[in-house]
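Order as written gives the chain letters A, B, C and D; numbering starts at 1 within each chain.
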């Protein structure tokens, strides 16, 4: 019973350190993000601008672009008003309010470089402001459109992982921890490498300490992901989990961190994916059902919605437990 | 005769799994694509948008851009009509139909930011719509042009492979499986690595099972591809194909999957290429003809159309067969 | 006492060579830049244009863009003046000066493709110039906006290193050199590798010679950087620094060059970071304080401003010194 | 005397193959390009479009962009003429020729999206053509500007190699082949790896055959290139060149192909550089002069124009020759 002692494996603690014991809290979330907040950066630090703009939700991004467009035009409309609205030829509004909106739309036509020309600047000052505005418009829209395309074309993996990690019967009456995944995208993934890091809490000298072990896999690299890949950690003599029970996993708050790396043929770039399974997401005694069917022509059809489906089965009795 | 037993090589099954026995069907197509369809994604899933837009045929891409331009303008023309066409100053049409097309072309001039100005919006509502339209135009064209350039500059390998894999005489009276390829592009390929995976069907306990073996190559890396590269798998004692016959290949539905990886000096990126040879694309007893000539100055001229040319030759008799 | 002889390690001298003895001068600055100037390139050599434009300060970049816009418009205004200002229809200025500025703003409206149209070219020559100008405008703004977005989205690491390297107590009564760092960005760093190169001056045959040693680390790779990472060089029997004292470091002008490499999940690219610690930035007898807190929900909050904080502690007495 | 036999090294022939004996001709040029022409692609094959556009000379690129702009406008001017020039309102020319140029400039204003508006289309047909033209203009300029920025920002190494390879005295009375290089760019090169491949002609069974050997280097990797790097191949017992003379090199048409790989910190990408030295570019008995000076503050100043400078020295007499 319990976790087997393993050699100290200094490269598998994911940089959390042994002190960071967090009771009942995941270090790595199921969506692959890390459960750590950051402070200590000054408000004006620009380190995270790109990160924020490229990772924010699409609705937020669109609102931001719209808000930026609005604010720039309101700002320049105010400037044209203060210069003197009569410097904009072709203004048709009568009240100040109408004139302001004319200036606003003149600004919009300038910043987007549409420039219909039914309104145009007259005199040195208004001309200068509109010349600067059109330059700013070109640069600002370049940033916005660069971000738009950058977000759209950003290399990233979209992997469907099985909802549960299962403990399944394995070769020669052994057991194995298994999980399964497939590529949600139609791009081809090449040179896949997977790493499974187990973290659990051990009481050392009466003090709970977090331990990290990199689990050995039946296969850690695949040349090409065509269907799905079932990652297998056999519970053999080298495994720290050999004699472990479901209760051990719960008590030790065991978590499996999954790190996946591959080359995406469409993005022409290396992509990464992460996920994690917690003790309560492990199913004991199960076997994955095939996730593919045949179509009429006998071709293989992979059903991404069935990646996590399994059948309950009996596990082979552990020899050690019998003795 | 038949396939030699080889050590279990867990890293060469290309992720197809042993169950996926597909009678008379290629897993990997000759153009390198994988013979698997995907279902199970909801209609609104966006995972494959980028993939579709970047890999679709050029004619489809152009039609899509044109259609998008048309639809946006039809949509905005309808909006301007419903706002009231009199809000567009400079409209010259008389019938509703003519007016609609005037609105359509005003929209086109706005969305492309040409803005001649012989038509222009009047009043709050029409001005707002046209201001939003020009913003949308800038963003939409940024996506379209980004995709256009992304498609044009996407790093990818264009490799000409020999049409057939040949079984040729090799050093010391041995035989070898060989295929040949060259770079179709004029860019320089650096650090090439090639991997050949054989898959065949074996009857285990009366059940056909797909086996996968990674074949050992005389050379699996080249620093620089200047001419062509003939990849050689010698049929020595380590080869599972040592005593195999043409009939064995057919019966076992043998397929050779080729995975190539290189750094392209023009794209400044790593590129990948895949292809496959099936049992019926193997020529027994052949030798590749040189694919290059000399020009008048004695310089080397590689003829890409002759990469697959071979002469029929006699194969050395296998010693084992004699006994 | 002093530096222990180590095997010649030809891959750790950072390309400085042994001759480059620079008294009291850092080879690698704390910000990771290299302390070497370059000459011998002709004035017209373009090798560094991209480097300069992409690494210059933002204020300089903006000034350059503004200056370019100004100069292009001044230039074209002069051309329009010399063609004959009457070829620009719609000019409203009366004096030559006013006319020049009208030409200037016409140029600005052309180069930014706003084209209001209250001024427009008449006749072959002026039309040709403005057609060329709008083409130049599109290309020039493409370069400017490409650089703008290139600067903004350039993959780079922003790492907070501890201000000091410390000598801390280590396992089994040993000592170790340690420094600590964290990611300033909110992006996830994957597959981190760190390299620590020590350089010091040794007197060989009465001649000061610079020596380089790559220090062995307790761990040189981490799969994922979630909190901070304390890099540890244990002062064991393999270390050239085993019996070294603070005075030895000063006399030998010891410098530790730190090279860090990681994959940034937001940029989807490999990023590098460098820094260095000099003999006077080493604190003897210290221990890093935890840099993270708990928020109300028990979540981990990393405080980037506390990465360098340490407590003074006593160092274990070296056994060798006792004998 | 002569070349020592070495183990067959299948990974160092640069993909030229042993047959390609080219009398008095370099396989790899000094600028790193490969001396091979390609034929056999159909005229309409697009494999090399990107390569051509991204690697052509700047003058050619500018001429191409200008020519494209000209041709598009000539084409559309012809279309407007054939539709009926009276459909362009604001045309001021009287003769057909003048009208054609008016149509030409209207086209230029449309394709660049300037759209002054003193000329504008009237009627369905002319409006449709101009709407399509502005769309084409946006897409075509996107390609042109993408290529412009792509060319400007393309990751590539600019390395200054010493003009000659030298044979210099080395440790313990040995000799060594050496060459030197430095980075022409101000960007930092990280993780440099160098590979030196010797090719020479050997008469096997009376037939000249090209041999390829990868030479062992004193150091083949450097973490950081700060000054210059002198690459050293020691003529020790493992070297095939141990007892070789200048005459041997000439007779065997020996060529040294140099392959360099590094990470450029400004481009944030891996870059490659290649060059070659021929038998007649080897200087026997020489030593590189330091290529750096001190400025007034004692700082190091690297002079890129002096990378190739050497002093003639006597070589140690080979022990074997004495016996």
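To be clear about the criterion, contacts are C-beta pairs under 8 Å (C-beta built on N, C-alpha and C of every residue); 3 or more make two chains touch, one makes a residue touch a chain.
The shown structure was predicted, so the numbers you read here are calculated from the model rather than taken from an experiment.
*Asks:* Go ahead and align chain B to its copy chain D using Cα positions, then give the rotation in degrees, nearest 5.
*Replies:* 90
*Asks:* If more than half of the interface residue numbers appear on both sides, call it same; otherwise different. Which is it for chain A and chain B?
*Replies:* Shared-number fraction below one half, so different.
*Asks:* Name whichever of B-C, A-D or A-C reuses the C-D interface, so over half of the contact pairs are the same residue numbers.
*Replies:* Same contacts by residue number as C-D, out of B-C, A-D or A-C: A-C.
*Asks:* What's the chain with its C-alpha centre farthest out from chain C?
*Replies:* Following the centroid criterion, the farthest chain would be B.
*Asks:* Would you mind pulling out the distance in Å between where the CA atoms of chain A average out and where those of chain B do?
*Replies:* Computed from C-alpha means, the inter-chain centre distance equals 27 Å.
*Asks:* What is the distance in Å between the mean C-alpha positions of chain A and chain D?
*Replies:* 38
*Asks:* By the touch rule stated above, which residues of chain C touch at least two different other chains?
*Replies:* 109, 113-117, 146, 267
*Asks:* Building nodes from the protein chains and edges from chain pairs that touch, which of line, ring, star, complete or other describes the result?
*Replies:* Topology of the interface graph: complete, with all chain pairs in contact.
*Asks:* Under the stated contact criterion, what part of chain C meets chain A in this complex?
*Replies:* 65-66, 69, 73, 92, 101, 105, 108-109, 112-118, 141, 144-146, 148-149, 152-153, 158, 184-188, 190-192, 218-219, 221-230, 263, 265-268, 290, 292, 295, 298-306
*Asks:* State the interface residues of chain C toward chain D in the complex, per the touch definition above.
*Replies:* Of all residues in chain C, those touching chain D are 10-17, 19-20, 22-23, 25, 27-28, 33-41, 45, 47-52, 54-55, 89, 109-110, 113-117, 119-122, 124, 127-128, 130-131, 134-135, 137-139, 142-143, 146-147, 150, 154-156, 195, 197, 257, 259, 261, 267, 269-272, 274.
*Asks:* In the complex, go through chain A and note every residue touching chain D.
*Replies:* 113, 115-117
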